[in-house]
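Each of the next two complexes has chain A plus one more chain, namely chain B in the first and chain C in the second.
On to the complex of A and B.
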């Protein structure tokens, strides 16, 4: 946690409510997201107990598995889930726009522009907590290798149609959620704690109810108290008033309510199967009771999820969010194409090249996300400035200069007064965004003496700063602090000698973003009195070198994928007669 | 105290409150309830049933399946265990001391027999802060070469060969505690003439403590069963040793079939050993308590309702220092109480252990906020880097918030 976040948390403690960590919303929120609140059976992997799912906050669909150990009931649940989610996922697949993309022509090897489809929007899944994201992945893994009777008439326990397909989609969404800044599958706890600092620890923020209690406490109740209530308040029967956001249930609920109801259900089912009089009616009753119980655990979380969505929607969206959402749309479109092309489900384990590609993509996405958030949001930028990765200040002097090349290029020197203390060394690359949104590059050219620089206002000429080009970084060798300019690679600005003034002046040599001519284009060079913000990090970081095709994986990394692999993808998981414990 | 509690205790060795209460065998759950801050702990009966039935399934067949799984994972090219080649000694005995002694005896016999043996729910003991704790691993396998492997059976799934890292970590820490306790037994078996003494529980192994604990001589006597390789070196022939890889057995993917992986616990072992050595002796903590301190809840005759006034109890609990951190919430029954006290005192650790790092000498929220907000007008540095950084952070934060287009507060 950075110091500025720690400070925000402490302010939250003092104020009794969460404090903003951002001034804008840094994640895309769909107009019509699909909310999915799952519950699972304690201790049983991939044995769902129930779920609320839907796009209409007032009319979620309740799905339950009355006896999670029963494979048929579980398949029925998955089929219903697919019925609810799959049409939503498919509904975005047909509204497309055309984008031009460079692709390598297989015959000539040249890059040629091609028109490809890009879906105009993409479906977005919301789950309550990070554990929910993990559960989506697990569901996807448990479903995508199942075989339907259509695919394989021999399969002993055929899965309902659509179930394997939904498994592939959930796997894709779960995988995409690991890319920093992606928005196809989001958890509310993560979203909210990105935008607000509460007066409790990160661990406690994992509880959606408690997190919301800090962000939007009921009138007159301090956040800490509201959070405590959300976390642990129980009713007379010993049940939590605000059940955990799942997917696991509260043990007290399992032991006191769910287990007895399930035994009643099992008994009624046995009776109904034996044809005992009234058995069928008792079975319906028992099932209705279970439905009620499961809904009682899900509904508060469902409402909390939408409450969180409301809070987030009140924040204006950051300018660069749409750029990143476009990548999510590409991701969605890409998977749509793979499904349509009849490709097999994702493998259990990635091959070396795919794994390396995924990691590299995530690293790039992280760097890009960090840069975007800082540029979109002065509060995030403040954190970077505190960390010495950026500085902002007022331009106090601009001096034109040109490079020594045969065709001289403009290399103006801009002096900025700042109180920030960036980690600068000579010729460190700097980046900024101009007022009209274009990127400009520069490099650190040294320190200017603040007193002299201030005097420049009145001075007729500049003598010292013109030398900045040369080896003498600060130019003003004679002044009391000039020595610090000589520090070369050291943390020049962090020199204790600088700390007694109300700031200092840094000279930046502009190296780009000024057009092609000998004279910089108007508006591209900051003017005296402008506020500028330079960063030490790139704004559009690029990934590393390209990786080989999977077919040419070196033997050190396992060699090319097995050509003899079955076209249908990996074998389904072996099924035993009974698959519960 | 079970291995899970012990591992949790070792994770927070600075907590005197926990060390004392655990050492004295106080029911922390009941205490927390009486203090009005009950823990959100509890196990679902579904998880419990599943855990039990999975363990039973794994151990069915006289442990042959389990030993076969272990042998497969070893990949050492040795002969696979044939049918009926796994001995399963009977370990029943009255009382924990008796079971511990029986286990030590069975281990010695199995080691000398030079064949596969499966000890189902053996019992081993470990000295914790000066008092013994009895531990019950799921199983211990004795190899034909005389080495022992701790087996931990868990019911979380291993999907495509990998399981939830947090759960695997917890299992590894727990197994490390068993390994540590077994090393003590091994060291005693390894010494001729002391074999009989090994069977008598409670005889603390004091040999070689210093060698094992890197010269922590003063704590060596309190230390828990060091393996003492140095001691073993001069007493040939010694074959008993505890392998530092434990076998973690989990359900495979989404089925009920077992699969297993060897988990290296050397790191957890070193951490646990060091932390347990660091545990302040309970006597020392107790000696610092006011005369007559008791955690007695004064239950009514039916043993249900505590009658001791809450203030009195709170005062008694507060007489021992706690080292609260949010991680406690998932491992200690008393954490909710400690959290309330920690927050009331405004301690910065309540926001997370990592928070302290950047705050230098500032230990309370108030002190931090005062330092951050009440800077002098001339922004002169104070000489305290933590305070200067805080002031800059506060100024930058205020500047950015003031520049917001419209006040988009929390609502």
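On to the complex of A and C.
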């Protein structure tokens, strides 16, 4: 946890209310997201119990599995889920724009521009918590290898139409959610805890109810108390007033309410099957009771999810969020194309090359996200400055200089007074964005002596300026002695006798972003008095190297994957008859 | 302790015959011969060499490179950082000024150490085509990964292979037919800034070390290890071997008394002076400050580190070693300060500057890997912490910090670390299919702490 987050958490404790970590929203929020609040059955891996799903916050669709151990009912649930989600996912597939992209021509081997489709927008799935994201992944894995009767008439237990397809989409969304900064599948707890710091631990922030209690506590109630209530307050019947955001349920609910209702359902079902008089009616009644129970657990979470969405929508979107959302649109479009091309479902395990590619892509995405957030948001940048990864200050001197190359290039030296303490060493690369949004590079060229300038007052400054004039004469030296005199003076007045601070002067040699000429283009070199912010991290980090094709996986990594046995991974345990891995 | 008694095994490293006195040079020479034999004449595509700290890994790499070149096998060498590459090229060119060596570098400004320009037989270029036909081409894994469409090299040496990530090896493995992998398994493992749990347990987990993947797919490759640390003094090798390499013990190349540290100026009785005397006498010193929870850049601990360094210089430390007949002064460039975090290193640098000390290396464990000094001063990774996270418990971090010195190591630490460790046993989830590493950081920390407590100087600044 960074120092600034620790500070924000301490402030949150003191104020009794969550404190903002950002000034803008760093994630894309769709105008029409699909919310999905699932519940799972205790003790039964991957057995859904119910869900609220839909794009209309006032009219979610309630789906339940009255007896989760009955696989027919489970499949009926998944079919209904597909009916609800798949049309939403498909509805974004046909509105496209054309983008130009470089592709390698298979015949000539040259990179040629091609026109490709990019969906104008992409569907966005919202779940309450990180566990919900994991559940989406689990559902995807359990569904995508199923076969429908249409796909394979011989299959012994055909899955309802759309179920395998939804499994592939959920898998894609679950996998995409691992990419830092991606927004196709988001959990509210992660979204909210990115934007606010509460006075509780990260683990406690996983509880959507208590997280919201810190961010938006009821009037007059301190956040800690509201959070405690959300976590543990129970009604007269011993049930939580704020049920957990799932997919796990509260044991008290399972034991006292759900299990008896499920027994009544099982009994009624048995009677109905035997044709006992009134059995069908009792079955309908028992099912209605279960629906009511499951909804009672889901609805508060559903409302909390949309409450969180409202809070996030109140924040303005960061400038670079749209860039990243475009990558999500590419991701969606790419999967749409794979599905349309009839490709098989994603394999059970990644091969060596795919795994390495994914890891490299995610590391690049993480670096890019960190840079984007800092550039979009002065509060995030303040955290990076506090961590010594960036510094901001006022330009107090600019001295023109050129490189020694045959064709000299401008390498102006810019002196910046700052109170930040970046982790600099000689020739550390620095980056900044100019006022008109262009990237500029530089390198750290050493410390300037601020004390001398201040002690000698005018004299040193005049000398310095004269030098600059002599070297350049083009007016760059007109940066004026008044400016640096002021800066030095202000510093001495501000903190007399303190050798450690509050300010020191750093010299940055500009190395790029000044155009191609011998003279820098106008406006590319900061001027005396400008406020500038340099970062030690890159703003557009490069991706990793190209990896070999999976077919040419080297011997160190097991050689090419065996095409005959695509499902690698662990072999079944020969000692255990029931091991069907 | 689990498994065999390391102390018993330590009596016979390097296959010394029972009854004979241990001859470190002979043991090391036997190991080197076996490695070179497998590399030059073996049938396997790979050879793996484990090297404890300061066991002559660089010497081995230089020798193997020269012998492969002499055998007429074009050789590529893969190292992990530009500093490692420059150092290796410099060593190769110094060992054999006639040997044509290529330094493949990036197209950044100042891509390599200008020292290399002083060697006539070294050619540096950012393009592989410029280096075609040279006996040896050396570069970083990151640069090699961008080389495409070339005839594969007959042989490669992968240096610091335990610090290389599996995905980096994947990117370069197509460039060579056979390879010698050399590295130190006890140092810091490679890591990723994003989660890689989804691949944990797969033989080709891209976030694992290159050697882990290599051996998972090629379990029968010959594996060797270097049995003698030439860097660590006789006072340090047993502890480092026992705490960090319990199943692959090693010995120091020098015996007790062959290295000595002494001071021209007597102790003034202060904590820093007393701990320096203890370290000079025993090779280890623990300067223990009163227990307290502190921020990472604990001002008292940072000041104590700086003061120890200041006194070390002021007292005119001289070191006796097998390298020269005369005692050598321990100057600032022979001293290092090691920390866990970059902000701690920055704070120590500022404190040293405040005391007028310059020229002392101050860095984090990651950046001290592979380096060697006479005396090190370490700010204990767990000093003043309220918790012991996986980062702070990582075995490799402590191992790097405790194995950089030729003479003595002084550790500065708040009291109470043993209790802190007991309150925070390792809680990392156990992943199926992942070989559990022994010793874990928790146990290694306890082993080091138990030893240090015998050399403790309590001090209230």
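FYI, the second predicted complex is superposed on the first by the 514 of 581 C-alpha atoms of A that agree within 3 Å, B and C clash if a C-alpha of one lies under 4 Å from a C-alpha of the other, contacts with A are read in each partner's own complex, and residues count from 1 in each chain.
Criterion: contacts are C-beta pairs under 8 Å (C-beta built on N, C-alpha and C of every residue); 3 or more make two chains touch, one makes a residue touch a chain.
Every value quoted in this text rests on a predicted model; they were computed, and no experiment measured them.
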Check: Regarding the shared-chain residue A:91, is it in contact with chain B (first), chain C (second), both, or neither?
Finding: neither
Next item on the list: Would you check which partner chain A:519 touches, where first means chain B only, second means chain C only, and both and neither mean what they say?
Entry: neither
Check: Per the overlay, which chain contacts more chain A residues, chain B or chain C?
Finding: B
Next item on the list: Quick one: classify A:180 as touching chain B (first), chain C (second), both or neither.
Entry: second
Next item on the list: Scan A:552 for contacts with chain B and chain C and give back first, second, both or neither.
Entry: second
Notebook entry, point to check: Who does A:319 touch here: chain B (first), chain C (second), both, or neither?
Noted result: neither
Next item on the list: Please work out whether A:216 is in contact with chain B alone, chain C alone, both, or neither, and reply first, second, both or neither.
Entry: first
Notebook entry, point to check: Can A:20 be said to touch chain B (first), chain C (second), both, or neither?
Noted result: first
Check: Touch check for A:356: first (chain B), second (chain C), both, or neither?
Finding: second
Next item on the list: Would you please give the residues of chain A that touch chain B in one complex and also touch chain C in the other complex?
Entry: 349, 421
Check: Quick one: in the complex, what on chain B touches chain A?
Finding: 38, 40-51, 53-54, 57, 155-157, 159-161, 251, 253-257, 326-327, 329-330, 336, 343, 346, 348, 350-352, 354-355, 358-359, 365, 368-369, 372, 378-381, 389-390, 392-394, 396-397, 399-401, 403-405, 408-411
Notebook entry, point to check: chain C touches which residues of chain A in the complex?
Noted result: 178, 180, 349-353, 355-356, 358-360, 362-363, 365-367, 387-388, 421, 423, 427, 511, 544-548, 552-559, 569-570
Check: So in the complex, which bits of chain A are touching chain B?
Finding: 1, 3-4, 6-11, 13-14, 17-20, 23, 41-46, 138, 141-142, 196, 199-204, 215-216, 224, 231-232, 249-252, 254-255, 258-259, 311, 314-316, 348-349, 378-379, 381-383, 385-386, 419, 421, 499-500, 502, 573-576, 578-581
Margin query: Going by the contact rule set out above, which residues of chain C touch chain A in the complex?
Written below: 45-46, 109-110, 142, 145-146, 148, 166-167, 169-171, 173-174, 192-196, 198-199, 202-207, 210, 213-214, 217-218, 342-343, 346, 433
